[in-house]
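The following pair of complexes shares a single chain, subunit A, combined with subunit B in the former and subunit C in the latter.
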Partner chain A sequence: MPKEPVAVVGIGQTKHVAARGDVSIAGLVREAAVRALADAELGWADIDAVVIGKAPDFFEGVMMPELYLADALGAVGKPMLRVHTAGSVGGSTALVAANLVSARVHRTVLTLAFEKQSESNAMWGLSLPVPFQQPLLAGAGGFFAPHVRAYMRRTGAPDGIGSLVAYKDRRNALKNPYAHLHEHDLTLEKVQASPMLWDPIRYSETCPSSDGACAMILTDRTGAARSPRPPAWVHGGAMRSEPTLFAGKDFVSPRAGRDCAADVYRQSGITDPRREIDAVEMYVPFSWYEPMWLENLGFAEEGEGWKLTEAGVTELDGDLPVNPSGGVLSTNPIGASGMIRFAEAALQVRGGAGEHQVDGARRALGHAYGGGAQFFSMWLVGDTPPAT
Partner chain B sequence: MTPDREVAIVAFAQSDHLRRTDDLSEVEMVMPVLHEVLRQTGLKAADIGFTCSGSSDYLAGRAFSFTMALDGVGAWPPISESHVETDGAWALYEAWVKLLTGEADTALVYSYGKSSPGSVRDVLTRQLDPYYLAPLWPDSVALAALQAQALVDAGAADESALAAIAARSREDARANPHAQLPGARPQGEYVVQPLRTGDCPPIGDGAAAVILAAGDRARELCDRPAWIRGMDHRIEAHSLGVRDLTDSPSTRLAAERAGAFERPVDTAELHAPFSSQEVVLTRALGLDDDVRVNPSGGALAANPVMATGLVRLGEAAARIHRGESDRALAHATSGPCLQQNLVAVLEGDPRA
Partner chain C sequence: MSVTPPPEVLRAPLVVEFPFTRSLGPVQSAFLTGLRERTVLGVRAEGGRVLVPPVEYDPGTAAELRDLVEVGTTGTVTTWAWNPEPRRGQPLATPFAWVLVRLDGADTALLHALDAPGPEAVRTGLRVRVRWAGERSGAITDIACFEPYDSAADTEPATDARDHDGAFEDPVTGIVAPARLDYTYSPGRAQTRYLHALAERRTVGERCPSCAKVYVPPRGACPTCGVATTDRVEVGPRGTVTTFCIVNIKAKNLDIEVPYVYAHIALDGAGLALHGRIAGIPYDQVRMGLRVEPVWSEDGRYPDHYRPCGEPDADYDTYKELL
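Our next item is the complex of A and B:
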């Protein structure tokens, strides 16, 4: 029997901020879930199962918080599944939820991802103590900066590309009411003059630490037919993983990312992603990852990604808008960041992105990655049901 | 639910469960069981359609601990892979769903846990409500003792009944070469009244792996596949104060959804770390004396936290593989006092 098509009929986010001191973790996730239910015009009783994701438990200091969150998410008496695949987790969580519908195990599933970074310090949560790791790194930026440098050396990209990405994403964020950073007085010069954190990554080219949650309601054809607003349809979804470190690993363009994208395009019937995809929400926690992923995901030839950025192709009004929401550079509740990419892609094809809507977006890609550029999850959503 | 696609457990392996494994990293603990399930089926890592694991950073004492275990899988070329931050039984559930979509025909599932480096009683307090409960550090034995006392108060068990469960489990474990506590042990002193040392699981380290396969692929890989006739899991409220600790409605509902009550099972592998929890589960499932409960010795004989539930599914499947069971129920739990429960019903093809 062919798979059941999966539709996104509800999306909810919290207003992402540095610290949500006014709510508990339960309050935070419930806020996003309630908004997703309202968007779908459904109630808790309509939900068959809950699939929840977040990044490492050390980020809040709560082991397996889904146990404590069962009540807040209306999961009592229902299946509740917790996914954790590093930074890609928000995307992976949505895909696990989608599989429950496409396998016809459940009809309507609530999927949610969150991080409440203010309850701890993620940078040191990521800086592993001896004996797990040599004391050489401070946070994710320390890990990724050398790979950015390798990209620059390999492609000959000029120094200023990263600043262009950061300036674009932060300006896009001004059009997204849920984005964390709303820097109204930011200029390109200010980005370029911001302090160097991990050479070549400057302060303004780095993601913030956010408190936030994102939820989606996924359902089958029958559920989609009852949806009060246009659904987004899942045309393809995939995960790929490779080891953290090994001889021959290409950190600039990991094969797991390329394979994952190829799988999603195959499922979706995409042969020319640059022309056939209308908007991309990609996981860019450090500015330079935009040109790097443009190549990894097949939107540009090897060595050419930075030219698209430089030419303005990835601007909101360019012909391949990347991160119209402002992206991870403007909002980063780590465990939720992947799901926000997936949800923002869905918002685009539903025509519900408001001021950061890409005109006429019919197919959009949501992308997430994590670990040592080793875990990838992606989905492609469209405004019409997939051809079966 | 009745699945659209036939999926079976076709191979199972587990490590020896040991009090300490100071000389082994998680990767070193996992690799032998991964190699063993591949050997059983003749598959290579590259033949596996989907891989899913279960583990906990809080046991490992570091963030992203599962990324290192992935090194043991041989994830090159890149693999389709996922991870759950809980017992590996839920990784098996995720993999089963993946096979039901038809996107993969085989799946590798593994999980591992090392409780020895820390104080697991204290570590497990971190999974309680972080605002109201965790600051009080109520440990896992104390909470289980509350549940046991509720059973005693309800007249559903007494200390001698609990002692009999402990003795039977460890006696059965004599036939399990991987068990940590084979053979009878004295019940000992109270750890937390009414639970004595004998009512509590051993603390130890271990790993397990399973291979799933769909349809004819399963028949090629295994002489007598353990078909998953149904599988479901349910969660209860977190606050112990709003639950009836003598019952497990989530286990009963999961079992009903998995089809467990359609016909009797001959075997049940129950994930009951405390003797008292076996009482709760057998009552909730309505298992009568004809059902062989925990022939492996169960969690009272070996409790590699985060793998114990997957071991239950594996042990039940292995009995079907060996022709010692035709229809078995396997159960896994997560959270304090059996908060979350998974039930699978496994069957072998009729014997000629």
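Our next item is the complex of A and C:
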């Protein structure tokens, strides 16, 4: 029996901000879920199961928050699952939900991811002082900056590429009402002049810390036929993992990322991603990761990714828009960030992205990674049902 | 290879402690502020049931709940368990009963502590009342505990829940919830061997019998091949800076002046780079390929930093797989 096609019929996000002091965690996730239900014109009774994701429990210090969130998400009497794959969790969570529909376990699933970073301390949660071990000397950016330098050395990319990405993403965010950073006065010169935190990474080339949630309603063909708005159809989805550290690990272009993308393209019948994909929402927490992932995901040959960025190909009006929503560089509720990528890809093919809509987008890729480039999750969505 | 008993495996306490903050939202804010004002609030669920403590969303229907009510400060024990040895952070320092108390006017029970002389003094159906804390801040601990009381002398009828707008002056909108976990940490045999060698200022990795890569620090197994590492191999002491960044922001609890260089260093013979600080050279002269050697401090368990050793830079091709 072929798999059931999976459709995205509802999307909801909170307005992402630095601190949502007015709501509890339950209130935050509720807001996104209610908006997704409203978008799909469905009620709690229409949901068969809930799949929720977030980053480590240590971030907010609520152990197994899914237990306490069951009431807020209408999960009482239904299956509720929690997914955890570090920063990629928003993507993995959506894929677990999609698999439940595609395997015909459930017909309509609410999937949601969140983070309330203002009530957590991610830096502390990720770097507990382990006895006998030398403390990490450099902080989060310091972990990634050497990989950026390695990329520059390997490809000969000029210094300014990271600033181009940051400026582009922050301008795109101005067109996205849900984005956290709305820096109206930002100029390329200001990005280039911002302090060098972890050379070669500048302040303006790093992501913010956000409170936010993102929810989607996934359903089968019957559910999609009743959808009041155009659905996005899942054409392919995959996850891959590899150890954070091992002899031969390629931090610049991890094999797990390459293999994950290849699997998604194979499922989707994509042979030339650069030409066949109309928009990409990729997980870029530090601006230099855009050219790095362009290569890792097969949009450019090795060493050529930065040339696409430099030529403006990844601009909103370019040939291959990357992060029309403003991306992680403009909004980063960690656990939700992957799902926002997946949801924004779906918005593009539904034609529902508003001011940051890519004209005529028919196929879009959502990408997430996390845990020291350890976990990868991706999906490809289209405006028509997949061939069965 | 001769079989030698492993050196005694290291162990040390690991305390994980952090003061988390919580935004309360409208319902919990009213509940905790009410406790500060000696008022216990519940919420009316769909169908009229009164839930104490209140919740934001109906456990049955998922509807948003906002109709607050005030309930009594007396109630009935619905079930209990005796706690003979209270631990740090629990409501009472002397033995007490954990109780579920259905306050008068409520349909659900609240978990708290009951101050009683012994388990023989506790029973389901016991009438109890709130003992308020002297200092109240808007927290569940504003109820110090419950205490038994003589309901025969109680001429008041059982309280009904009364509507309450939940409004108080200077409402509590957030709380701090300190969390603490106590572990005993052991780095395991391979790391213990590594640490013992470091104490002699030698860096000893372990080789995978399958792919022949040398892991530094060793973990006892090769993560790629999934087999135990066998031969111990001394690496270094010299190595090559494979990549790095210049840190310009001061990290908390780290006594290093910025800017400094944080580098990946492939020790000679190692299958992957480890991380360390580069000094003994101006930060802006550090480069990929720089040859370095460790500098040990008197009491340090690890090299304090690495410094240039004066050799010519390594060729990129010799370390490009070790970034």
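Everything that follows uses one rule, which is that the second predicted complex is superposed on the first by the 381 of 388 C-alpha atoms of A that agree within 3 Å, B and C clash if a C-alpha of one lies under 4 Å from a C-alpha of the other, contacts with A are read in each partner's own complex, and residues count from 1 in each chain.
Going forward, a residue touches a chain if its C-beta (ideal position, glycine included) is under 8 Å from a C-beta of that chain, and two chains touch if they have at least 3 such contacts.
All figures in this text were calculated on a predicted structure; none of them were measured in a lab.
Engineer: Which partner does A:His147 reach: the first (subunit B), the second (subunit C), both, or neither?
Structural biologist: second
Engineer: Of the two partner chains, subunit B (first) and subunit C (second), which one does A:Arg20 touch, if any: first, second, both, or neither?
Structural biologist: In the superposition, A:Arg20 touches subunit C alone.
Engineer: Quick check for you: in the superposed arrangement, does A:Pro79 touch first (subunit B), second (subunit C), both or neither?
Structural biologist: Once the two structures are laid over each other on A, A:Pro79 reaches subunit B alone.
Engineer: Have a look at where A:Pro195 lands relative to subunit B and subunit C in the superposition and call it first, second, both or neither.
Structural biologist: Second partner only.
Engineer: Determine, under the contact definition given at the top, whether A:Ala238 touches first (subunit B), second (subunit C), both, or neither.
Structural biologist: Touch status of A:Ala238: first partner only.
Engineer: Taking the superposition on A as described, I'd like to know which of subunit B and subunit C A:Pro333 touches: first, second, both or neither.
Structural biologist: The answer is neither, since A:Pro333 touches no partner chain.
Engineer: With both complexes overlaid on chain A, does A:Lys3 touch subunit B (first), subunit C (second), both or neither?
Structural biologist: After superposition on chain A, A:Lys3 lies in contact with subunit B alone.
Engineer: Classify the contacts of A:Glu60 with the two partner chains as first (subunit B alone), second (subunit C alone), both, or neither.
Structural biologist: In the superposition, A:Glu60 contacts both subunit B and subunit C.
Engineer: Can A:Ser92 be said to touch subunit B (first), subunit C (second), both, or neither?
Structural biologist: A:Ser92 contacts subunit B only, not subunit C.
Engineer: Can you list the residues of subunit A that touch subunit B in one structure and subunit C in the other?
Structural biologist: Comparing the two interfaces on subunit A, one with subunit B and one with subunit C, the shared residues are 24, 58, 60-62, 71, 76, 125, 128-129, 132, 243, 246.
Engineer: Subunit A touches which residues of subunit B in the complex?
Structural biologist: 1, 3-4, 51, 56-58, 62-64, 66-68, 70-71, 75-86, 90, 93-94, 97-98, 100-103, 123-124, 126-131, 134, 232-239, 249-250, 253, 334-336, 339-340
Engineer: Taking the touch rule as given, give the residues of subunit C at its contact with subunit A in the complex, in rising order.
Structural biologist: 10, 12-14, 16, 18, 20-26, 28, 55-62, 64, 173-174, 177, 179, 185, 187, 191, 195, 208, 211, 213-215, 222-224, 242-249, 251, 253-254, 256, 259, 262-264, 271-272, 275-277, 288, 301-302, 316, 320-321, 323
Engineer: What residues on subunit A touch subunit C, complex-wise?
Structural biologist: 20-24, 26-27, 30, 44, 58, 60-62, 71-74, 76, 116, 118-121, 124-125, 128-139, 141-142, 145-150, 153-154, 195-201, 243, 245-249, 251-252
Engineer: Within the complex, which stretch of subunit A touches subunit B?
Structural biologist: It comes out as residues 1-3, 24-25, 56-71, 75-86, 92, 96, 99-100, 102-105, 125-126, 128-129, 132, 238-244, 246, 254-256, 259-260, 263, 371-372, 374-375.
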